[in-house]
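Consider the two complexes below, in which chain A is the common component and chain B and chain C are the respective partners.
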Partner chain A sequence: MTPDRLAALVDVGLLAQALLGALAVLFAVVVPRRVRNAASGSALVAVGVAGAITGVAALLGAPAAGLRIPLALPLAGPMDPMLLAPDRLGAVFMAIAGMVVALSALFGIGYAHGAAASRTGWTAFAVFAVGLQFVPAAADAVTFLLAWELMAGGSTVLLLADHAVREPVRRATLWYAVMTHLSFLLLLTGFGILAAAAGGTSWATMAGAGLGGPVAGVAFVLLTAGFATKAGLVPVHVWLPRAHPEAPSHMSAAMSAAMVKMGVYGIMMVVLRLLPEGPRWWAVLLIALGAGSALYGILQASVQSDLKRLLAYSTTENVGLVVAAVGIGVLLRDSGQDGVAGVAFLAALLLAVSHAAFKTVLFLGAGSVLHATGERDLDLLGGLASRMPWTATAFGIGAMGAAALPVTSGFVAEWALLQALVHADARADRLVAVVMPVTMAVVALTVGLGLLTFVKALGIGFLARPRTRAAADAHEAGITMRAALAVGSLLVLALGLAPGPVSVALAGAVPAGGVSTVAGTGLVLDAVGVVLHPVGLTLLLLAILVPLVVVNVVLARRHPRRDVGLAWGSGGERTSPRMEYNATSYAEPLVRVFGSSLQATRSVEVVRHEQSPLLVSQVAFTQETVDVVEERIYLPAARRAERFGDLARTVQNGSIHRYVGFSFAALVVVLVVLALW
Partner chain B sequence: MIEAVGLDSGVIDSVLVIVTQLVLAIAVTPLLIGVMRTTRARLEGRVGGGIGQPWRDVAKLLSKEPLRAPGSTPVLTTAPILLVASSLLLCALVPLVSTLALASVPGDLFVVVSVLLLGTVALALLGLESGTAFGGMGSSRHMTIAALVEPTVLLSIYALSVPTGTSALASIVQARKLDPTSLLNPVSLLSIVALVVVVIAETGRLPVDNPSTHLELTMVHEAMILESGGRDLGWLEFGSWLRLTALLGLVVNLAMPWGVAADAAPLGLLVGLVTITAKLLVTGALLAAAEVFMAKLRLFRVPELLAGSFVLAFLSVSASYLVF
Partner chain C sequence: MSDHLYEQLLATTTGLLLLTAVLQVWGRSVTRAIRLLAIQGLALAGLVLVVGLHGGERQAPPVALLVLLVKAVAMPWAMARSARLIDQTKEAGSLANPAVELIGAAGLTLLAYAISGPLLGGQADPAAQAAPVGFSLVLLGFWQLLIRRSALTQLVAFLLIDNGIATIAFLTSGGLPLTIELGVSLDVLLVVLILGVLVVRMHEEQGHIDITELRELRD
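Let's turn to the complex of A and B:
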């Protein structure tokens, strides 16, 4: 298709998303309960697919005219018309959001139950989905914030779904609502400053004003803080490990894989489009924020035994890596190495796309496990691979992606990031010389710990023998759930096998030159002179693997494998499944090594036999790791706020006389001020 | 800048190199293990099983039937094969005999490390699959060590790559061969020492792990493969030995790049084969001799060793900016 046809497609697609979203709401409200999941879910799949197509069209085509929103707000300053018209960067994130929404809605058709399958539940999902997909399409601050609030509002309502069944849901929603509004306030202030300084609310006006100096600095800090809160970066990540586990699983997938990406989109938009001339301390701030989040996130993830909480912390890690890559790009751009900077920006987008793919699969896989067993505590699972082979395979592929193993999307993305780090010329620039090796070490440790985390999640959850009755009775997920898992894991593999075409398309969204493909699928980064050809690597592996398998089959013919009821079990009888290593014990060496940053508290309770104190009848061991950031920053702040609130009580004691007195005093003050003016 | 993959002479040459390296790895690995075990036995005053014993062990194990417990997953059967395949792929990608690499799949540092990790993960999952306390324990320790080793691996080779400006291992080895003065500068020495620690940790040698122990609480590698038997165990043993060959071969070629061929000419390949075999066997014997005088570190002291090697690697990166 020609660029102009694609641009027209974008306009149609934007309208289609809004209309299909309205259709989903309509279905949710009027269709009877029995078919509500199917009707509303299918409409949302269509919304997602429309979003993905629009995103791809906007990425490849000419700039579209966009969709005008005929709405005039009584603002104090000058206001540009409200417009939905994604630029290339926005298009990437719109495609990500659309893909994730489509997959999670498809999964939701089979998964949604209880309050998530109610009228409110599906309506909230539809509002959330449309808001999510319109955030990156917004071409001005007012539309952006409007879509942002639709996204926040819809997700908050859906997060509350299980509040009547589980108490932690309410607390999680409270944390989420507070943090998301903090984020909104910061963004409002940040954009307000930019709009006032530039004299207009549209991105084009703000970018055209060429802002710099302290105004830009203040706006950058406010916006970064706001977007970091949405993206779940340390230290404003606290809502993530609470909200993701408690939300219905298809919603967790959409929140983790797509919604937090909007924070990333915001940061990239600010440093690439609105304020592209940022000084180097911005870069250092972004790198510190990103690398710190990556390390802290994966460290916390590695010691979690709640599967969804583990995935939530791993989201902090992945988003941290994206932001670190953006920071690296900004730093290198500032030191004049545009080629390598482009590779870093490309790596950021690849990381974002890849995370969207594998994290959707992982959260949906966790949802499938939760659906089948009612458990999300790894310590109580096990043996699921033989009971739910589809889920296990999909989760395995997702875990490989998260652990950045070849040939998955995660590997390609981290490879690009590491190439940017290695090829930065650090000899001329002292700051670069310090930042690059430190970042590289952090990324490497993150990769290592990520490997451990996902081996743990996969191995403890799906391999060996079931640890509980619930896990032993697990059943495979329904057809729509399996379809969503299969499509998601195919995406992870496709991105890993053919990174070339995807990267060429993505390179158009950020200033990244010299990206081309080799042999149709491989990726060549001319700026740093490296090539990655996963298909070649796979063929080489197959060339080695096939003879091995042949030898193995020949040997197996001669001496077939024998099934024995009593396998080794360390030379003796096969012991009880309670003797298996579980998730807590798996992370034990790590808790020792990183003791001071994880702050694990352990308690061992020994119950003695009543006949003799020398005989032990029961030993109970519990271990809890606390989120140090939450403990040290948030809880004291909350206590302070409460104490301040108590102070107000001395003024407001409920006496009507006193309030009348206050009104009178206020009136007098106003009159006096007016008289003296 | 990089030609499309076609069957031109360059590809044939690199395929020749890869086949040579694979043959070398399969032939020399049991010999290397045999030399190491014999050295150790002689120094300890034992006779030992002889240099050919590892060959006989693997052959015997491969022709025995493996057992399977009910409810076990395909991981049990596929992990051993995957370990061998990933180790062989490692041997194919690392410049052992010649620095000529396949144009489309160059022995890029990050690709090589990820292939190494593929084997690591296969082993760790196998340990968990066994469903016993020992398997999980070994797997957990193995992954912890792998995670802590990771930064050192990347940083130390990063330091060596700074002067050449590329992350392809073959180019690094080639550049070091052409400029022998670079072998003795502090950057090079520091990162080689760091790499040696890495190899020891990744291949489970003393003082990180004792390859010949079956003392339950100190096992790492042996604990993971405790439940495997017969053919599975044969593959597992062979795969782990191949990792040693690949990693040790990489370090000796980085430290002493002489004799490594630059192309696929028959004479060069022959010289490369002979030198790498000699280098491997001598280093292996030295490593085994050093192990005799060493006790295994307590598991929770291992992170200190790894942190030390990380500091060395970091120092070498910093120094590389000053030197070059």
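Let's turn to the complex of A and C:
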């Protein structure tokens, strides 16, 4: 298709998303309960697909005219018209959002139950999905913030789905609502400063004003703080490990894989589009934020035993890597190494796309497990691989992606990031010489811990023998859930095996030159002179592995397996599920190594036998890790706010006379002030 | 109408307004407060008529008639009916003693005179010069809201504030158009009717109409 045809497709696609979203809401409200999941879910799958197609079209085509929002807001000051017209960077994130929404909605058709399958539930999902897909399409601050609030509002309502059943849901929603509003306020202030300084609300006006100096600095800090809150970066990540586990799983997937990305999009938009001439300390701030989040996130993830909480912390890690990559790009661009900077920006996008793919699969897999067993505590699972082969395979592929192993998207993305780090020329620039090795060390440590974390998640959850009745009775997920898992895993593998075409398309969205493809699938980075050809590597690996496997199988046939009984087992089993490694014991060495930053508290309770203190009847071990940031920063702040609230309570006591007195005093004071003026 | 007569009539009506307001603060009888309210309505209607006729407005007589009907007849009647239904003719008690009440009222009247000069600017028009009376009425109304406990007296105080605002409007802008005055008056009448019913219900439910007892906070 020609670029102009693609641009027309973008315009149609934007309209289609809005209309299909309205259709999903309509279905959610009018269709009877029996078919509501199917009707509303299918409409949302269509919304997602439309978003993905629009995103891809906008990425490859000419700039589209966009969709005007005919809405007159009574705002004073310079206001550009409200417009939805994605640029290439926005297009990437719109495609990500669309893909994730489509998969989560498809999964939700089979998965949604209870309040998540109610009218409110599906309506909230539809509002959330449309808001989410329109955030990166917005071409001005007002539209952006409008879509942003649709996204925040819809997700808050859906997060509340199980509030009647589980108490933690209410607390998680409260945390989420507070943090998301904080984020909105920061963004509003930041964009307000930019709009006032540039004399217009559209991105084009802001970018064209060439802002710099302290105004740009203040706006950058505010916007970065606001976007970081949405992206779940440390220290504003606290809502993430609470909200993701408590939300319905298809919603967790959408929130973690797509919504969090909007924070990343915001940061990239600010440093690449709105304020491209930023000073170096911006880059250092971004790298510090990103690398810190990556390390802290994976460290917390590695010791969690709640599967969804683990995934939530891993989101903080991945987003941290993306933001660190952006920071590295900005730093290198500033020191004049545009080629390597481009690789870093490309790595950021690859990391974002890859994380969206594998985190969707992982959260949907966790949802499938939760659906089948009612459990998300790894210590109570096990043995699911034979009972849920589809889910286990998909989760395995997702876990490989998260652990950045070859043939998956995660490997490609982290490989690109390391290329940027390795090839940065540190000879001329002291700051680069300091920052690059430190970042590289952090990334290496993160990758290592990530591997451990996902070996744990997959191994403890899906392999070995079931540790509880619920795990033993697990059943495979329904057809739509399996379909969503399969498509997601295929995306993870596709990006891992054919990174070339995707990277070439992505490179158009950021200032990255010299990206090309070789042999149809391979990736060539001319700027740093490296080639990655996963298909070739895989074939090579297979050439080595296949004879090995064949020899093994043949030998095994020749010598049939013998059952070896326990010598002194008295007919007992070799191992019982209680003797297996579980999530807590697997992470035990890590807790010892990183004890001070994790602040784990353990208690061992020994119950002695009534007759003799020498006989032990029961031993219970519990271990809890604390989120240090939450403990040290948020709880004291919350306590202080509460004390302030108590002060206010002494002022208002319910007496009508007192309230009238306040108004009266205010009136008299105003009159006196006016008279004296 | 000669200027001298105009000033005399203006002084009479506004003086009557202020006098009734102060008497309302002073007394403890609910029935007397309602009667004073009727007189106040009469004075307000007279004020409207005087200002309107002097300004040569043809709408003045109907507006004055409306004010008379609503403020001097309908509202006092509705309130007197509520008071009769629940048999409350005496104020239960005040939060301040009579001396404090009157000193406060005097202080607020002084304040009204002190602030209305700078607020309205030095206008030579005798009507504008009488505007402090309106401010006094508003402040005295608030003062009654603060110190009285009975719900009926609260209602009287609320109407006193309304009368004050109406007085300021008539004195400074030469009156309001008939339609606007109609709307405002009927709104206030509606509020009085509803609150009158509410007071009766409150008495039925709780056996008293003391609003200091209503202090339980609800979410």
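We adopt the following convention: the second predicted complex is superposed on the first by the 663 of 677 C-alpha atoms of A that agree within 3 Å, B and C clash if a C-alpha of one lies under 4 Å from a C-alpha of the other, contacts with A are read in each partner's own complex, and residues count from 1 in each chain.
Just so we're on the same page, a contact is a pair of C-beta atoms (placed from the backbone, for glycine too) under 8 Å apart; a residue touches a chain by one contact, two chains touch by 3 or more.
Please read all numbers here as calculations on a predicted model, not as lab measurements.
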Please determine, from the superposition on chain A, whether chain B and chain C clash or fit. fit
Scan A:518 for contacts with chain B and chain C and give back first, second, both or neither. first
Partner chain in contact with A:261 - chain B first, chain C second, else both or neither: neither
What is the contact status of A:588 with respect to chain B (first) and chain C (second): first, second, both, or neither? first
Give me the angle at the C-alpha centre of chain A between the C-alpha centres of chain B and chain C, rounded to the nearest 10 degrees. 160
After the superposition on A, what does A:242 contact: first (chain B), second (chain C), both or neither? neither
Applying the document's definition of touch, where does A:250 land relative to chain B and chain C: first, second, both, or neither? neither
Which of the two partners, first being chain B and second being chain C, lies in contact with A:671: first, second, both, or neither? second
According to the contact criterion defined above, which of chain B and chain C contacts more residues of chain A? B
Is A:660 contacted by the first partner chain B, the second partner chain C, both or neither? second
Taking the superposed arrangement, what is the smallest distance in Å from a C-alpha atom of chain B to one of chain C? 53
Can you tell me which positions in chain A touch chain B when the two form their complex? 382-383, 385-386, 392, 403-406, 411, 414-415, 418-419, 422-423, 426-427, 433, 437, 440-441, 444-445, 447-449, 451-452, 455-456, 458-460, 462-465, 518-519, 522, 524, 526, 529-533, 536-537, 540-541, 544-545, 548-549, 552, 555-556, 558-570, 574-575, 577, 579-582, 585-590, 592-593
Along chain C, where are the residues that touch chain A in the complex? 95, 111, 114-115, 117-119, 135, 139, 142-143, 145-146, 211-212, 214-217
Could you please specify the touching residues of chain B with respect to chain A in the complex? 1-2, 4-5, 18, 22, 62-73, 75, 77, 81, 84-86, 88-89, 92, 102-106, 108-111, 114-115, 117-118, 120-121, 124-125, 127-137, 139-141, 143-144, 146-151, 153-155, 158, 161-162, 165-168, 226-227, 229-231, 235, 299-300, 303, 310, 314, 317-318, 321, 324
Please output the residues of chain A touching chain C within their complex, sorted ascending. 652-657, 660-661, 663-664, 667-668, 671-672, 674-677
